[in-house]
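What follows is chain A paired twice: with chain B in the first complex and chain C in the second.
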Partner chain A sequence: MLEATGLMVFYENMLALNNISIKCEKNQIVGVFGANSAGKSTLMYTLSGIMQDIRKKEKMAGGERITIHGDIFFNGKSITDTRPSRIARMGVILCPERRRIFKESTVLENLKIGGYLASRSQAKETMEYVFKIFPALKELKKRTGGFLSGGEQQMLAIGRALMAQPKILLLDEPLLGLSPLMQLTLVKATKEIRDDMGLTIIVTEQYARPVIPIVDYAFILENGAAVLEGTREELMNNPDVRAAYFGV
Partner chain B sequence: MEKRRKERIDRGIMVRSDSIYALMSWRELAYLAAPRMLLIIGMLLLPLVPESWNWQGTVTLVCVYAMLAISFDFLAHYIGLVSLGGAFFVGVGGYLAGILNTTYGIPPLYTIPVAALGGGVICTLLLLPCLALRGVYFAIVTLMYPLLLVRLIEALDILGGTDGLLGIDGFSNPWVEQYLVIIMVLLFLFGIRRMVNMDIGLVFRGVKDNDQAVRASGINIFYYKGLAIFIASSLGCLAGACIIYIFMWAGISLFVLDYSILPIAATVIGGAGTLVGPVLGCLILIPISELLRDFGTLRIVFYSLILVGFIVFKSEGIMVWAQRKYHQIERWTKI
Partner chain C sequence: MDILIYGTINSVVLALYALGFALVYGISRLPNFAHGALYVLSGFITWSLLNILGLPYLPAIILTMIITAVIGALIYQFVLIRIRGMEISEIIASYAIGLAIIESLRYFGFRGMTYTLPAFVEGSIDIGDIPVDYHRLIIVGIGLVVVLLLWLFTHYTKIGLALRGMAQDERAALMLGIDSDMMAIVAMAFGSMLAALAAILLLPLGNIVVESGYNVLILAIAVCIVGGLGSWVGSIFAAFLIGFAQILTAVYLGSHYQMVVALLAIIITLIVKPSGLFGQQKELEERV
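And now, the complex of A and B:
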């Protein structure tokens, strides 16, 4: 469904993504695991087109600094040079790292902004669904985004991404800085979302253990290169991976 | 399609001259010194153009605006306080020097430093209550003070009212006037550049980046912000004190908005955060604005077009661009 071939991203002379090819099929949950600076966020930004925007801003601030190479296909159509807003319209929605919720707006307003692309009935339906899988948010409808706890903010961020009617959802480190219990809730919710809405989900994480039970296929990044890939079982049985990413 | 990317490499000479070894070869010494000498010698040569060009007044004006621009750049890009207070500083410094000169008859040589330091103290005290504000709030407060002071002088008819202070001395001759302001600009430019690279500059930049983290390190940011405002406003007041001796008059037009806005425009053109950039920006902008006087009302149109053009096509600023080209090689390489 979403396919990237030979993706290369340079930050000045630093190679952030080195010839990465990833592929995810419809209705799968694909995991991307790697340590800090492995290139997870760069990959997410590139897939969602935000990297083009970053490149433009960097260029304004002083010269050509970021180079993007390779091809990205969505449903067989190239979206390599498509503007990020167009990509979002096509159904590739990014839920960014560190949540980036609108801190001054209430929970309800945050969700409504997310629903900009949806029709009125779709928005209403999705909002009900968001409140169903995240009942905690329903209680906090009127609360300002900045006053939510980390876990609630993450729920809101995922909810906001869902409001944009994604066909494929990119979750960038959704478990960042959350308690094990909250991690479990979110992982469960992710699976539920996939099953209920028939979405394709790409999720990145540093530590694979909490996410691996729901993942169908996974890639492991190291220093910007995809060093290993495989189905859940394949990775679980690989002793190196077990030691490095599952802490077994 | 051939895959290419722009590669960016520091010049070898830049890397070498980064350390003490720079002192071992003339080439590297020249690499370090040439841009600085170019600026210093260029500035010192400015007053020497033929008198028929009618350039003398512009030189002093450029220098006065350059001081204001340095003060703005320092506050905005090293402390994170966006100040629209150019007019405020000029007005306070100008009136202070004017009063000292007319009422007590103190010669310019003494009133200029006294007005700079005293004006700095006054401005800092007036701005202390809004040190907790950041961004647009601080800008608005600094924008309001000159308006307030103008109306105060007008309504109460103090300090000469709308006529202003008359009978202020001038400089003994135009050479003294021009070289005085040029040397002061160079002195403050290199002084502040030195300061922002010392430990205190580190704290200043920290305050700009994340004041909570600086506070968490046990540093009293209130003190440092106050100090920065004192430095910047002293520089502004110095410019104001020079202005009244150039015009031999101090009036409410010292509070005119030009003194707030033009330095900002110069900073944008020259390259924000470089300190040299604003001076270059003034060297470009002020002569252009003087030349365009012939066009009458169309002057503002051309002037705005130039500004917009710069912001759209060279938003990084001249100095940022020049530094990049000087220190780095850019070339296309195959991936």
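And now, the complex of A and C:
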């Protein structure tokens, strides 16, 4: 469904992504694990076209030089140089690291803004669904985004991304800084969303343990390169991975 | 009593000057220094439509607003989009465009006291024992309606909500499929349209003079700085603050100090609370 081949991203001379090829099939949950600065967010930004937009703006302002090599295909069509708004319209929606919810707007408005690409009936239907899987948000409808707790903000960010009618959802570190209980809730919700809406999901995380039970396939990044990949079982049985990412 | 009435009128006038500027800045962080020029330009467009083409008043007004919106969008699409995000360049470029518009109007002979727009309704009414002409009442009425419509637009329509999302976090909006360049053009068109609306409402009070373009710009900037750049609520609040301050100065000190009030307000705000009454300093947060 989404496939990247030979992806390389440079910030000036620094190599952020080194010849990464990843692939995910329809209806899968794919994990991307790696430490800080392994290139997870760069990968997510590049897949959703945001990196290309940053490159354009940096170039215009004469700032940092960003170079992108490789190809990205969505349903067989190249989206390597497609504008991010077009990519989003095709159904690739990024739910970014650190959530980036609209802090001055209420929960309801955040969701409505997320529904920019949705038709009126789609928006209504999806909003009901979001309130179904995250009942906590329903209580907080009128609350300003900035006053939500981290976990609530993350639920809102996922809900907002769902409002944009994704076919493939990119979740960038959804569990960052959350309590174990909240992590569990979100992981369960992620699986539920996949099952209910028939989505494809790519999820990145530093620490694989909370997410590994729901992923079908996973990649492990180190210093910008994909050092290991495999199905859940294959990774779980690899002693290096167990030591480094599961803390067993 | 007259202070209250004329203070209110003056405040609404200031708010109308500032709304377009505040809207464009609030959404795309573009300080549109061509705002005053667009204001004057649309005054002359209306005059031309009325007196050269001989259109009736209402179609002329609507046409002017459309033309000015298109001009604003074109300015953005062909000039400002290239320097997006570089504040100094944006200020210089938009100010240059403004200068070009104002000075070419002057060059082509639109100057002096000969150009006036008719009032919507002639005549006046006494409130208490203060005579107020109908046109000023219409200004206050339409000003309030515009603010209300703007509020409804940004809270209940898809484009309005998208604009607000973009104002808060452009990149997050981009991830949701909101085309930031397109939205910035829409914002600029709306801002220009508001400049035109202000011109059409306010120019019948006096002559159309090219120099007023600079005054309008300064007043708009004063209101926005005092209210907090990018905050619409703040701008409206500041418009009333400066509006009443101006009338009080006019009554107790003399009307030629009015402009000083606005400039003094900028200076005091920058010394005491640089982010303005309702502004938020966002940079710290973004650095984290």
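We take it that the second predicted complex is superposed on the first by the 246 of 248 C-alpha atoms of A that agree within 3 Å, B and C clash if a C-alpha of one lies under 4 Å from a C-alpha of the other, contacts with A are read in each partner's own complex, and residues count from 1 in each chain.
The rule we apply is simple: contacts are C-beta pairs under 8 Å (C-beta built on N, C-alpha and C of every residue); 3 or more make two chains touch, one makes a residue touch a chain.
A quick note: this is a predicted structure, and the numbers were derived from the prediction, not measured.
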**Request:** Report clash or fit for the pair chain B and chain C bound to chain A in the combined superposed model.
**Result:** clash
**More chain A residues in contact - chain B or chain C** = C
**Message:** In the overlaid three-chain picture, which partner chain does A:Arg100 touch, first (chain B) or second (chain C), both, or neither?
**Reply:** second
**Request:** Quick one: classify A:Lys112 as touching chain B (first), chain C (second), both or neither.
**Result:** second
**Prompt:** After superposition on the shared chain, which partner residues are touched by A:Arg160: those of chain B (first), chain C (second), both, or neither?
**Reply:** second
**Prompt:** A:Arg89 contacts which: chain B (first), chain C (second), both, neither?
**Reply:** second
**Prompt:** Thinking of the overlay built on chain A, is A:Ala61 touched by chain B (first), by chain C (second), by both, or by neither?
**Reply:** both
**Request:** Kindly classify A:Ile50 by the partners it touches after superposition: chain B alone (first), chain C alone (second), both, or neither?
**Result:** second
**Request:** Pick out the stretch of chain B that clashes with chain C after the overlay, from 57-65, 75-83, 129-137 or 165-173.
**Result:** 129-137
**Fill in**
Interface residues of chain A shared by chain B and chain C, listed 60-61
**Asked** Can you list the residues on chain A that touch chain C in the complex?
**Response** 48, 50, 53, 57, 60-61, 83-85, 88-89, 93-96, 100-105, 109, 112-117, 160-161, 163-164
**Message:** Give the list of chain A residues in touch with chain B in this complex.
**Reply:** 8, 10, 12-13, 60-65, 67, 69
**Contacting residues of chain B [partner chain A, same complex]** = 3, 5-9, 315-316, 320-321, 324, 330, 335
**Request:** Spell out the part of chain C that touches chain A in their complex, as residue ranges.
**Result:** 82-86, 155, 158, 161-162, 164-165, 168-169, 171-180, 182
